[in-house]
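Chain lettering (A, B, C and D) follows the sequence in which the chains are written, and residue indices restart at 1 in each chain.
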Amino acid sequence: MEKTPKWVDVALIPVLNLLIAFVISGIVVLLIGEDPIKAIKVMVSGALGSPYGWGYTLYYATNFIFTGLAVAVAYHASQFNIGGEGQATLGGLGVALVLLAFPWPHWSIALIAAMIGGALFGAAWAAVPAYLQAKRGSHIVITTIMFNFIGASLLNYMLVNVLRPRGAMDPATARFAKETYLPTFHDLPLIGQFFSKSVPANVSFFIALLACWLVWILIWRTKLGFEIRAFGRSETAARYAGISPVKVIMVAMLISGGLAGLMAINNVMGQGHRLVLNSVEGAGFIGIAVALMGRNHPVGVFLAAILFGFLYQGGGELALETTIPRELITVIQALVILFTGAFDNMLRAPIEHFFVARANAQKEA
Amino acid sequence: EPALIYDLGGKFDKSFNEAAYNGAKKWAEETGGSYKELEMQSEAQREQALRKLAESGANPIVMTGFAFGDTLNTVAPDYPDTKFAIIDMVVDQPNVESIVFTEEQGSYLVGLMAGMASKTGTVGFVGGMDIPLIRKFACGYVQGVKAANPDAKVIQNMTGTTPAAWNDPVKGGEIAKAQISQGADVIYAAAGGTGIGVLQAAADGGILSIGVDSNQNYLHPGQVLTSMLKRVDNAVYDAFKAGADLKPGIKVMSLADDGVGVALDDNNKALVTPEMLTAVDQAKADIISGKVTVHDYMSDDSCPVQ
Amino acid sequence: MDFATIIEILDSAVRLGTPLLLACLAGLFSERAGIFDIGLEGKMLMAAFFSGAVAAVTGNAWLGLLAGIGGSMSLAMVHGLASITFRGNQLISGVAVNFLASGFTVLIAQSWFQQGGRTPQLSGNGRFEPITLPGAEAVKDVPVIGQIYSNLISGHSILVYVAFAMVPLTWWVLFRTRFGLRLRAVGENPESVDTAGVSVIRLRYTAVAITGALAGLAGTYLATGLAAGFVKEMTAGRGYIALAALIFAKWRPVPALGATMLFGLLEAISNRYPNIDLGVVNLPIQFMQAVPYILTVVILAGFIGKAIPPRAGGQPYVKER
Amino acid sequence: MVGAQANEAGRQATAALATQAPAIELKGISKAFGTVQANKDISIRVMPGTIHGIIGENGAGKSTLMSILYGFYKADAGEIWIKGQRTQIPDSQAAISAGIGMVFQHFKLVQNFTVLENIILGAEDGALLRPSLAKARKELKRLAEEYELNVDPDELIEELSVGHQQRVEILKALYRQADILILDEPTGVLTPAEADHLFRILDNLRKEGKTIILITHKLREIMEITDTVSVMRRGQMTATVKTAETSPEQLAELMVGRKVLLNVTKAPAQPGKTVLEVEKLRVVDEDGIERLKGIDLNIRAGEILGIAGVAGNGQSELLEVLGGFAKATGTIRVNGEEIDLTGKHSDGQSRRRRGISHVPEDRHHLGLILDFAAWENMIFGYHNDAAYQKNAFVMDNAGIVQHTQEAMERFDVRPPIPTLPAKSFSGGNQQKIVLAREIERNPTLLLVGQPTRGVDIGAIEFIHKRIVELRDQGAAILLVSVELDEIRSLADRVAVMFDGRIMGHGPVESATQTGMGCLMAGLGGDDVRGMDGWTISDEAAPEETA
């Protein structure tokens, strides 16, 4: 297996899988009697053709970077965190509580506090499944799924019964104070002139980039990352080396949940300016696809997040400009997960076979 | 080019949003004009949807549902040259027309009919999301029922606490069945798409139901007593017609100006007795003349009758 | 609370528990064969759509049923391909299947019916109407027994009775037939089956196909029995609750009946009493909705009897490293 | 076939057949797993009514070859002939039809099924279980009587001892009327008594005219029971000989490809102060089975204590406890200081900080992370050492690579490329990486398990030399090995383990082959008592009672 060049694994196979997913999506578009070429045009121009489009694409990408990193960090410890959705939901609650609790004088201070709140709440929501996995061997996939639902109910309760302002009808918190609004791309020096006031992309994007870098450092440069990776590759060997499984699972999942929770600084603090139901919009699940495509590496996660940001924004435009429902994006997303994740061996096996045969042939020669 | 944004229940909820759609369609057919429309997919995309339409130059932009209120409040100032109209919510901005209905009056009328049609003396109410607006429906309905039969019992249920409550026909059906078993023989559904399940369960259970917003009598001919019409279609039609000249401020659509009413057509002809017709007409006249006032739940967040 | 009310709530629990039961038994076959299936939700949704659509077009619920099973089976085969043939990650495949169904149903529904992702309202033969069992009318007024028979046992759609019949049938197939023995073996230790000269792949595909068929029944019941047509996302998390019930039942058919009916009962109660006041605390509806998930976590945590999944569950069968 | 006469007739018939066609004939079998050529152009013939042994180093390809014969793997090339007929064996079903049964090295039983269910699995008589179970129950009774294969048909597999599980596997094959039986390392997991019992069964089967292929690492067993023997090396069949015409020495030479040096040249030990003291060490595993039943031992600086014993008698657990990744009760002192056995400091890191290094038995699962680069493996377990950190936050990766490069050169790891993943190195070189990591720390106590398992002879010599060097520098060394020869040549003192206890210990010079063999079987007869300077446990049963 080590005879297959690295670029095949990190580039060729994902790209081919992506292509297959897109081709099948195109066929689906044809099936519902629409024009796939036109669909692509609308998506590309809507998501990438203007600063407005980019503003939204990068906004969505920011969400996906956080959830993608969350999945990736857990994955390195061989934990499949499917609970990003719930953790990001709770992160939103944390951010909202922090922002509503005090009259923050400036966004920068509020941001730091909100980051702590979001990360803590997200981490807390990952803590129970992590603990049960570490200590009692409860399958983390199932418990995190369950926690997604429990989290949704909890948020529902909080919004309806606790946080909804008097007299308001929709289950949402009050608006945050204007002082806590994060600067959007429009407000930033240098690039501000390109973006209109309405684009939601905000300084959280840079925090997401920072998170990528920090995750990279963590995983590949620190002792903790070494232990996480070692445990993820071989649990028995990690135990031999005196690495505590409980510690690794807990720490990795807390970081993972914290990253998912951090997403809330973008969608809740940066864009919504209040907490609404379902503010996560499936970003937790998209994080799985992003991490899969990005091969659990921050650079890959970043690129895949941009791709999904493009799909998301482009899909929104599709619904507006054509009669293709926005659900097409859900289908594309499903196909990307299917082909880059579950069907990965479909191409991998023959491709690796090819390289092994070539290696063997070279050996003979 | 005007634009219309539907709320989460979706364009074809056979109820609230569909009424809006019908208004837009009527306008398009009459004027031959075209309009943009957008269905909300998720709570979080409201702002993007609004902005998207505003950026694209649509004017006026009409949206259905109170849930847009907060978002519109922040978006409207950014597009001073665009006119917005919001249904079911008051948004105080110089370029926004807020259209509200006196649903309590329409509900009073159907309540009156329910009270008269009920043989068991027990009627039901199934609301969608538990919010003051829907309690307003319920309160008007109860007042009407009691006007017809002071001893009548009204069973009230809400479907849920989130927007998903507008779109859960299975749950609507279960709630209706529960009410039937408690003796209800007329059930009023004010629950958007959820109401479809209520009407279905009522028809299955051999009792009468009352539709809402659009005329839903046709869904189960002979089994839907009537529908409480909320002329969202007219509101949209008017807004589209006014175009860029849309008048900001609050517009109340009441019984007096046919903003609300009861649906009478061939489908429920056999169910509506002459006495009912007389009573409804009388009540209508009394309400318009001010002789009868129907309490509005939202005025003080309480209902005098249960 | 009088007896009639209790009967009515139980009646509602049966209706609401039935799709869970069918889906839970569906999951049981797959997971007992060593294929984890978190895609029950998607398969149900797909079945709900295809059954609703075909029943609407043909006006025949039975054709709808066939279509529903077909829709669910096609997703089951995707899952089978991913987990059996391509030896992929079964959890990821399940996630993909759920998304696929969620998007695909609305896309096709919109393209076929232009009703915002729903199918036309079903009526008459397009639905599986409640069946009145013989004698139900006659004994209606007999206290207790008669009430139970006519109100609780009678008056459900045929699919409800099918679902209940599936419980002993599943038990019998699993524990009394050759197929069941092999199925359980392949979920515990596929090598034992392979070395015994039985094809692991065929067994697992069969299991996955049965899962597809049962999930198809579940979805069909939702769209043509419980409701009268398909609306988007109409499964509303029931696939996950069924999964929870499966764990709760420790992958056994009779406890699966108990678990799904319990969860159905919880839903029925929260429909009727959104807020339950226990005197000390007032349980909000959101809590009631979360109860199945909370219970499952407690079970998973092993504080009340540990749930041990089939040993080979979740792992693709790979002979050559 | 009941009754002696029928038996006799059967044997004669098969004997007659033997002159005609071999029961099994493999021609030119090849099989590759990716880039690993597990079998290369292998041909063998086995006559009916005989026991044919196959020996070879770990990874030589023995299991692979048999799995091909059984249809579990598909060969890339080659032909299979059964009883003179060319036979296609695409899957195990075909093998079973051809009368082949196999007992795998790792049993293929369903743990939570009963014995009966396991027996009928895949060989049911109809769609319903009841008749099959009834029939199997009867048949099982007959087989049990005929071959001394007693097991309770209603017991769950997970409740059975390994020996009994193996009987179930044999019964499975016999129930399917196999007349060719393949056993892959059947005695590795058995106690000597169980192994003897197994050999009696095999002998009975041979008398019945059945053909048996026996894979084993133990030359003694080959000499004892087989008629013919084949030797495999690196995927190839190097020789097939009649057992009667060969000797253990010759076989060993064939196995590793050159003359085996049975002794390491080393100076006599110069033991210093006591480094390791172990008292009343007990281990209970997850299933509640007591694996160590009170171990007492000590090792002094500058000496090597060899632990001998049949695999599975607690040696692994002893290493795990000392290495810090299994919990235990009792006391362990290193240089007089007591070690935490259950608390916060009972992990491998704390042990390493105390100067205990550990070369684990299983390098693939414990010693190495195969996906990690060599440099990462080189600090694995020591990654928290200050020397490997650049600052408070990040590790000094460049420095570690540099350090690894040097260590690889010192230990002659080929190729000396630190960035290569561990899985790209051959077994011997992988082992050198582990040894380099552990020995380079200059530990006060080195724990080594099976240091040369699956390692070629050149590397064995190198590894032995380094271990002795370490001893001479004053380290205390605990060596666990199933190879008696290795123990004999490396250790200064020997302790023999059986059933979680130390049966006896004493100087290596006076240890006799038979004496140690008896102790390994838990026996303590005259052979044992005759060994000078040995302390024998009371637990060792007098030989007569066995």
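The rule is short, and it goes like this: a residue touches a chain if its C-beta (ideal position, glycine included) is under 8 Å from a C-beta of that chain, and two chains touch if they have at least 3 such contacts.
Because the structure is predicted, anything quoted here is derived from the model rather than measured.
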| item | value |
| --- | --- |
| Intersection of the contact lists for chain C and chain D | A |
| Chain A and chain B: spacing of chain centres that average the CA atoms, whole Å | 39 |
| Mean-CA-position distance for chain D and chain A (Å) | 46 |
| Rounded Å distance, chain B centre to chain C centre (Cα mean) | 35 |
| Intercentroid distance (Cα basis), chain D paired with chain B, Å | 78 |
| Multi-chain contact sites of chain B, meaning residues that touch two or more partners | 39, 161 |
| Numbers and ranges of chain A residues touching at least 2 other chains | 156, 160 |
| Chain D: positions in contact with at least two other chains | none |
| Chains grouped in pairs wherever the two touch, ordered by label | A-B, A-C, A-D, B-C, C-D |
| Residue ranges of chain C in contact with chain D within the complex | 175-182, 184-185, 188-189, 191-199, 311, 319-321 |
| Parts of chain B lying in touch with chain C, wherever the complex brings them together | 10-13, 39, 157-158, 160-161, 164, 167-171, 173-175, 177-178, 181-182, 193, 196-197, 200, 204, 219 |
| Residues on chain A engaged by chain D in the complex (per definition of touch) | 1-3, 217, 221-223, 226-227, 229-230, 233-234, 236-237, 239-244, 352, 356, 359-360, 363 |
| Contacting residues of chain B [partner chain A, same complex] | 36, 38-39, 41-45, 47-49, 51-53, 55-56, 66-67, 69-70, 74, 78, 89, 130-133, 161-163, 301 |
| Of all residues in chain C, those that touch chain A in their complex | 38, 78, 81-83, 86-93, 95-100, 102-104, 106-108, 110-111, 117, 237, 240, 243-244, 247, 284, 286-287, 289-290, 293-294, 296-297, 300-302, 309 |
